[in-house]
Amino acid sequence: MDPGDLRTLLENVRAGSVSPEDAARRLATLPYEDLGFAKVDHHRALRQGFPEAIFGAGKTPEQIVAIVERISAHGQRVLVTRTDEAVHRLVVESQPDACYLEAARCITVEARPPAPLPGRIAIAAAGTSDLPVAEEAAVTATFYGAEVDRVYDVGVAGLHRLLDRAGTIREADVVIVVAGMEGALPSVVAGLVDTPVIAVPTSVGYGASFHGLAALLAMLNSCASGVGVVNIDNGFGAGYLGCLILRGRRPAAD
Amino acid sequence: MDPGDLRTLLENVRAGSVSPEDAARRLATLPYEDLGFAKVDHHRALRQGFPEAIFGAGKTPEQIVAIVERISAHGQRVLVTRTDEAVHRLVVESQPDACYLEAARCITVEARPPAPLPGRIAIAAAGTSDLPVAEEAAVTATFYGAEVDRVYDVGVAGLHRLLDRAGTIREADVVIVVAGMEGALPSVVAGLVDTPVIAVPTSVGYGASFHGLAALLAMLNSCASGVGVVNIDNGFGAGYLGCLILRGRRPAAD
Amino acid sequence: MDPGDLRTLLENVRAGSVSPEDAARRLATLPYEDLGFAKVDHHRALRQGFPEAIFGAGKTPEQIVAIVERISAHGQRVLVTRTDEAVHRLVVESQPDACYLEAARCITVEARPPAPLPGRIAIAAAGTSDLPVAEEAAVTATFYGAEVDRVYDVGVAGLHRLLDRAGTIREADVVIVVAGMEGALPSVVAGLVDTPVIAVPTSVGYGASFHGLAALLAMLNSCASGVGVVNIDNGFGAGYLGCLILRGRRPAAD
Amino acid sequence: MDPGDLRTLLENVRAGSVSPEDAARRLATLPYEDLGFAKVDHHRALRQGFPEAIFGAGKTPEQIVAIVERISAHGQRVLVTRTDEAVHRLVVESQPDACYLEAARCITVEARPPAPLPGRIAIAAAGTSDLPVAEEAAVTATFYGAEVDRVYDVGVAGLHRLLDRAGTIREADVVIVVAGMEGALPSVVAGLVDTPVIAVPTSVGYGASFHGLAALLAMLNSCASGVGVVNIDNGFGAGYLGCLILRGRRPAAD
Amino acid sequence: MDPGDLRTLLENVRAGSVSPEDAARRLATLPYEDLGFAKVDHHRALRQGFPEAIFGAGKTPEQIVAIVERISAHGQRVLVTRTDEAVHRLVVESQPDACYLEAARCITVEARPPAPLPGRIAIAAAGTSDLPVAEEAAVTATFYGAEVDRVYDVGVAGLHRLLDRAGTIREADVVIVVAGMEGALPSVVAGLVDTPVIAVPTSVGYGASFHGLAALLAMLNSCASGVGVVNIDNGFGAGYLGCLILRGRRPAAD
Amino acid sequence: MDPGDLRTLLENVRAGSVSPEDAARRLATLPYEDLGFAKVDHHRALRQGFPEAIFGAGKTPEQIVAIVERISAHGQRVLVTRTDEAVHRLVVESQPDACYLEAARCITVEARPPAPLPGRIAIAAAGTSDLPVAEEAAVTATFYGAEVDRVYDVGVAGLHRLLDRAGTIREADVVIVVAGMEGALPSVVAGLVDTPVIAVPTSVGYGASFHGLAALLAMLNSCASGVGVVNIDNGFGAGYLGCLILRGRRPAAD
Amino acid sequence: MDPGDLRTLLENVRAGSVSPEDAARRLATLPYEDLGFAKVDHHRALRQGFPEAIFGAGKTPEQIVAIVERISAHGQRVLVTRTDEAVHRLVVESQPDACYLEAARCITVEARPPAPLPGRIAIAAAGTSDLPVAEEAAVTATFYGAEVDRVYDVGVAGLHRLLDRAGTIREADVVIVVAGMEGALPSVVAGLVDTPVIAVPTSVGYGASFHGLAALLAMLNSCASGVGVVNIDNGFGAGYLGCLILRGRRPAAD
Amino acid sequence: MDPGDLRTLLENVRAGSVSPEDAARRLATLPYEDLGFAKVDHHRALRQGFPEAIFGAGKTPEQIVAIVERISAHGQRVLVTRTDEAVHRLVVESQPDACYLEAARCITVEARPPAPLPGRIAIAAAGTSDLPVAEEAAVTATFYGAEVDRVYDVGVAGLHRLLDRAGTIREADVVIVVAGMEGALPSVVAGLVDTPVIAVPTSVGYGASFHGLAALLAMLNSCASGVGVVNIDNGFGAGYLGCLILRGRRPAAD
């Protein structure tokens, strides 16, 4: 809580427009709602400006449905990641306009379209097996209002495929680069552009890829500057960070 | 190389304004200069818009001096990271206005001030021992034109110190968070702000910190969204990425 | 065996009240019972003051039932951890009052309530997926006689949720903190309280969490003092240690 | 900050005994002091009840002296860990009663003796090379007011040495167990006692000890219940945690 | 091949008792038999004095049956490890006296009893879950002719159980110690005996046991001398090595 | 793209034989075909001289069938690795002469035999369980035109089996050595031959083999010179590299 | 303590030949001597039959001298490992017949020759850099009474050197095999002999040898049976274990 | 030893032209020479066709001088790697024409030039700090007779530098690629050429490069086929393997 906000509240207390009890309650009972197994943070859309997302893995279908319903009931848009079609079938019973995006393994419930963000995000992926993660990033970025360009199957062993799409990549304001195995693509892309690059290692590979560790280490050690790395397979995180960067560009924020 | 640029060049070849030999040379001899042990990339300031930086560790003082001189000779500003006072004494012989920034272990040679970037970068550091890395980020960001706010010694075990400075952190357009040991600070900060967070793990710690591995893993696994991670102790990388993000905000870029 | 106990026994031998044969037998045949595949330690309730617990994972249902029966036959209370409903159905055949606590994956057979321990244990958990481990700790602590306060879904990325419950946490005599992913919660909590903190990393997470390694390392490297760490997912161990600490408070122990 | 404290403060604001400006300042400027490179937390002795400790490694002698002076100036007792005799010679210039405890590599400045804690802490160490860590724990525990019993050189390969001292270990209210190499001692000790065991792995060993990793993993996997583990070589942390546990025993706390 | 053997063979060639062709064949066609997917080494019983053992994991039932038949056809005794009852049902069709030892997951086909080895092997196991590995060691040792004493469920957290059986352990000529989790038992046992100790880490445990790594490292770092370690879960290897040590004791070998 | 090729193209542009538009298109649209989920690189057979191979793991049967059809439609030969019989049944519907090579888990579709490569490749494998990887290497090498000699079940613990086949190994121009567990075979083989050795670690083993890590590290640390290592279980990569080496020998390449 | 010994002692107590006080003292004060920083275990020569060895690394010269003097004063022979010539110069002042064995970095003080053990130990080492560890094993084995044959520089990449010495290796009763880098030698040697093999990985190597980890893992995964592994660089442990094995051969033990 | 060779020898024994004693001696005493600390393998130049190289690290200057002298005395050329100028000053006393190649840290003693190998080796290096390893490879390849083209400072973040030199790389018969940090260069290069690529990870980097592990893993997981990897910093191994590949091209070998 900001000292500034605090001071205002305290002024109101002295002025009598807010009682001490009310002030204390206001400070204490921030607007979230307790479902028992989870606290739904309705405050988040206000605080961070972006609606809530639900990480589906490790939650029961019933838990997901309950959280989705509660968020939707407040009129917010919802994104569920790491989920599947069976969950969607359950969700759609109460949220008829819920969509299942198979390639991204995501569900979205969108009462209205997102406020568009300025600029574009290019999402480059090295191989076919990296697509689920790339699509999770793409769906996330779209959900939060970004325009997305997909540049897929442009692994570094076939530079001509990548260079052929360099124009699209260079025109973006943020580039998300998704790669497994040796994870070299972010270094090559970051050398081609003058914009922030978000690197997403994937668990694609076998043997000494150690479930994405090889790609992760490669990306952290990139010889190119301007690369920020997220967790292995974390397409959502990359899309979200990309949108935060784009949002900084909007006139209203200045 | 962009198909667009290529087409223009080829048109010029057909139009006769560029000879095939010239075109081939232009394509082949991109503007860098070979010092034998290194290729100085004068093209970089054009291509990426940011002047060259030299990673000092693992280079001899003589190599650093030679690269600095060559870049300066082209009128570009220079930043040397991971260096020391002895190297500065050598550099200053030919570049009298070279500065040594001890806390950051950096040398700068700045013929002129940088073009100012829009917005501010807050740099939060968890402990006293994290300062060299935080200062490397701060000097880098300043070198590339950002306004920097330092918020130091705000480790998560003393939340009041951090919350006391939350206003400064929230007013920034990008937050760089530097922490060693358990690396928890980026998660807490990312929960407080609605801007991109760049997390820098440091090698500060002992025992099971494994030279920064604990902090690195913690930051990659942050439960807060909107965090991009750079290599252990990579203050330069964080400062550079922060400036790339800020630059996207300037009107000229749209 | 204590020199003190030994001396008493030897005095009795000299006094004739105990024969050498008896003494040797007494020293050798400590009160445990051999089931072939396991030695049930009836002596434990005497020696450590706490009844026996059975780690269910890796034991067959038949083995668990046999051990439970043998312990119950001696009138002791029993706790089975890492088990499931199928095992409970078997156990309940011979122990009709056996309870299955689903959220904690535990079975308890309690002939009588535990002797109450002085003080309270607060159990804080970072996310919904950490609940099974948190509940294992809670059930364990309750089984051994502690009063337990649950403070769930208070991850560090939403500090307001945590601070809102800070009163409950501070009123406890021992705090158990359960977290996966970046494992930052124990550091933040330990900075808020002046009591012992028991940190339990969980295997919740993916990618670079490496099945709980990231959280474990973070907790071991906590910048806050007063934190003891147990194995990944070891809710039982945390609850047990918490009760040992509480027990030290009882007048009888002084 | 507790809701309770907040309400009182707000009542005072309404009552006029505290002005809004004062209240805001009070909330914002918690009592720490900024030395530039570090924030000295005078509030700590109030908040946690224990005086400040300084982790000496990675701080310059000048920094340590400055922090020590500032804390002493407020009449608090000071403990510096991971330091050496050279620093002591500097400290003693301004703090003539500063002591250097060589075996523990610690400096203490104690204007007055600590408030005694109820109960005793036994510190068991496996080998001669583990003594610096054991002594750091012992000096820390003594500094915070505990009675300490040292039980050294009782590695598990010579059980008779350990069992010979079992009486001392069993009489303690908390046992700190320090061991490198295979780190087996905490498991054996925890099987002998009915009190909390704090396990400290040390970096003693070579080859596959991997600088204490072997001992750390062993302690986390202890088959004995009631063991909390701290970082490798973290004698201070063990001593501090031990004192927190003891303090819970004092009548004033009930 | 020994220079000595070679010289004898060459003498026979010169003497005419062996033709050059025969000698070359003899040197080249050492007595093994090629099944296509495996070379059965009939020479082994001669060369090492111990009959063949088959590691069942990763082989198809058909491959195991084929190898067993081929070895049995040469009148040798056979041991199959890491197998199951289904394979036994197949084997028994052609080898009616094949036994399945469930606790050890082994099949034996023994045309005749083994030549007894001098001395005894004690096999100590820490917990119930370690029994399959301990039994694999026991069955192996028995198969190769050793007398075996089983000392099970004697983990270090209950020293009295272990000390109660110390007599049996001390009377053995070789001790095999099987333990998972923290792997402390070999260190304690090696301190009690004056005979070789073979330590077998098991994958029993969870979390930071990392599938037996914790136990393995602990055993390699044992503070007790006289301990040789085999691979995680390698009960066969321990039993075999134990028998090689025993065999050195028989008069015939001297 | 070579400066030489580029110059020729540019000359043609000036000469009028190629229009700028055509040149740009030629440079941009290199011959690959976009299937949406993958870009089929028809150019590869031209560029690298070897037909396309498909890594089957992680692709759906439908994806594999589509890629196979597209490549076959261009008259190229196809190799699918890491696949199974079910995929083969699908492929054979449209490619009636597709073969399934069970031991290697590969499918080949060969409109015509490969151009034979000069020289031979020997493939040595340590154990029965290494055969699938060895066969993947053998099938790959055969597919690309090499003569292959298989030398299986020659692990270093039975040197006579290996030395018996040393003639075959020495006669090869390239030796591929496949081994799991301790991965010692490449060192021994490289000491016997004067040709390049390609080492393939396999994931065969258990416990401290850590899924092939032990074998991989051993091969990278080989005390014998002349060994290049590929990823764990990467039989395809070894066969492909072997063929690249052989191809360097053909007169046509000089 | 054996039940048998205990019974005898108790009988003596009843018979009056031992007073209860004496018996208790006897049980408690086992014969070791406390130097403050270490407990010298004079009982060891009795209990294990082998005199004391001192691990020199991590002890001060003064500590080593003190322990050596105390042991010598009881007439026992002494071995100091991991030491250097400077320590020897100190030791020799009070123990004039102390020898420094440079290649093994050991000091021995031998009042009299050891009791000879039956049989021989062959020590095979792979490379020149492995000699310090091999010599530590050789000096240890000699110190405890074994006959030692050295077979050095017989790495697996030059099989002829090894096979040339195979006779010596086969004639030994125990073989100690010392190797760094890929650690393959124990597997090859174990395939040649029918005796126990003790494998000692060394830290010789660079890069992916990870300070001996590669060799350690290779030895643990040996495809040859009959191998026990000790810690990296643990020549002493191997020599000691070898002597325990030999001692089992002595007629008195049968 | 080949069966073929053996048969010939045996025929000679029968024919009387070779006595059994001579044959045995010939088989046993292969031509190496024992210096005590090392066996110099004069046979190597015959057996593998390439002269001896000495790994200097971990050998004393005196050992290196002795081995160099012995090899030179047999008229062979010598290469010493991982050495320094001080050793060179010693070597040059007895070998006046010994050269020290500083950039490669190598000494060569070349009585005569090498037999030239057919073809060329291109050595590509990513950064300035990788040069010592690249030069070790270059000096090694030159020493064994290859023509070498150096393509340095062509890291993937500046693709234009690399593509500018693609012609040179493509004209080589073997490409050695040296890179630290993220180790991406081999993947990119292997996609550009149709020849074998030997990848050499270097320990250049910091933080999460873990002394070359990141680069090593990246190279092993290369998405490009045709890459063989050697140990971290193993420039010698790469140069040697490159020459073995080239040698296969010589007419004499066919």
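As written, the chain order gives the labels A, B, C, D, E, F, G and H, with residue 1 at the start of each chain.
Here is the rule we use: contacts are C-beta pairs under 8 Å (C-beta built on N, C-alpha and C of every residue); 3 or more make two chains touch, one makes a residue touch a chain.
Nothing here was measured: the structure is a model prediction, and the numbers come from that model.
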Original post:
Chains in contact with chain A and with chain G: which ones?
Top reply: C, D, F, H
**OP:** Please give the intersection of the contact partners of chain B with those of chain G.
**Re:** C, D, F, H
**OP:** Pick same or different for copies chain A and chain D, depending on whether their interface residues overlap by over half.
**Re:** same
Subject >> Most remote chain, CA-based centroid, reference being chain A >> reply: G
**OP:** Pick out whichever of the two, C-E or A-H, is joined by more C-beta pairs in contact.
**Re:** A-H
Subject >> Most distant chain from chain C, judged by the mean position of its C-alpha atoms >> reply: H
Subject >> Separation of chain C from chain H, taking each centre as the mean of its C-alpha atoms, in whole Å >> reply: 59
**OP:** Find the geometric centre of each of chain C and chain D from their Cα atoms only, then give the gap between the two centres in Å, rounded to an integer.
**Re:** 25
Subject >> CA centroid of chain D to CA centroid of chain E, Å >> reply: 49
Original post:
Measuring from the mean C-alpha position of chain A to the mean C-alpha position of chain F, what distance in angstrom results?
Top reply: 39
Subject >> Residue numbers of chain G (touch at least two other chains) >> reply: 1, 3, 28, 158, 163-164, 207-209, 213, 216, 220-221, 225, 231-232
**OP:** Could you run through all the chain pairs that touch each other?
**Re:** A-B, A-C, A-D, A-F, A-H, B-C, B-D, B-F, B-H, C-D, C-E, C-G, D-E, D-G, E-F, E-G, E-H, F-G, F-H, G-H
Subject >> In the complex, chain F residues that touch chain H >> reply: 1-4, 47-50, 53, 118-119, 163-164, 166-167, 170, 173-174, 194-196, 198, 216, 220-221, 225-232, 236-237, 240-241, 244-249, 254
Subject >> Sites on chain B touched by chain H in the complex >> reply: 1, 28-30, 32, 34, 37-39, 41, 43, 57-59, 63, 201, 203, 211-213, 216, 231-234
**OP:** Over in the complex, which chain A residues touch chain D? Could you list them?
**Re:** 3, 6-7, 10-11, 13-14, 19-21, 23-24, 27-28
Original post:
Where on chain D does chain E make contact in their complex?
Top reply: 126-127, 155-159, 163, 181-184, 187-188, 190-192, 205, 207-210, 213-215, 217-225
Subject >> chain C partner contacts - residues on chain E that touch it in the complex >> reply: 128-129, 131, 152-154, 158, 160-161, 164, 204, 206-209
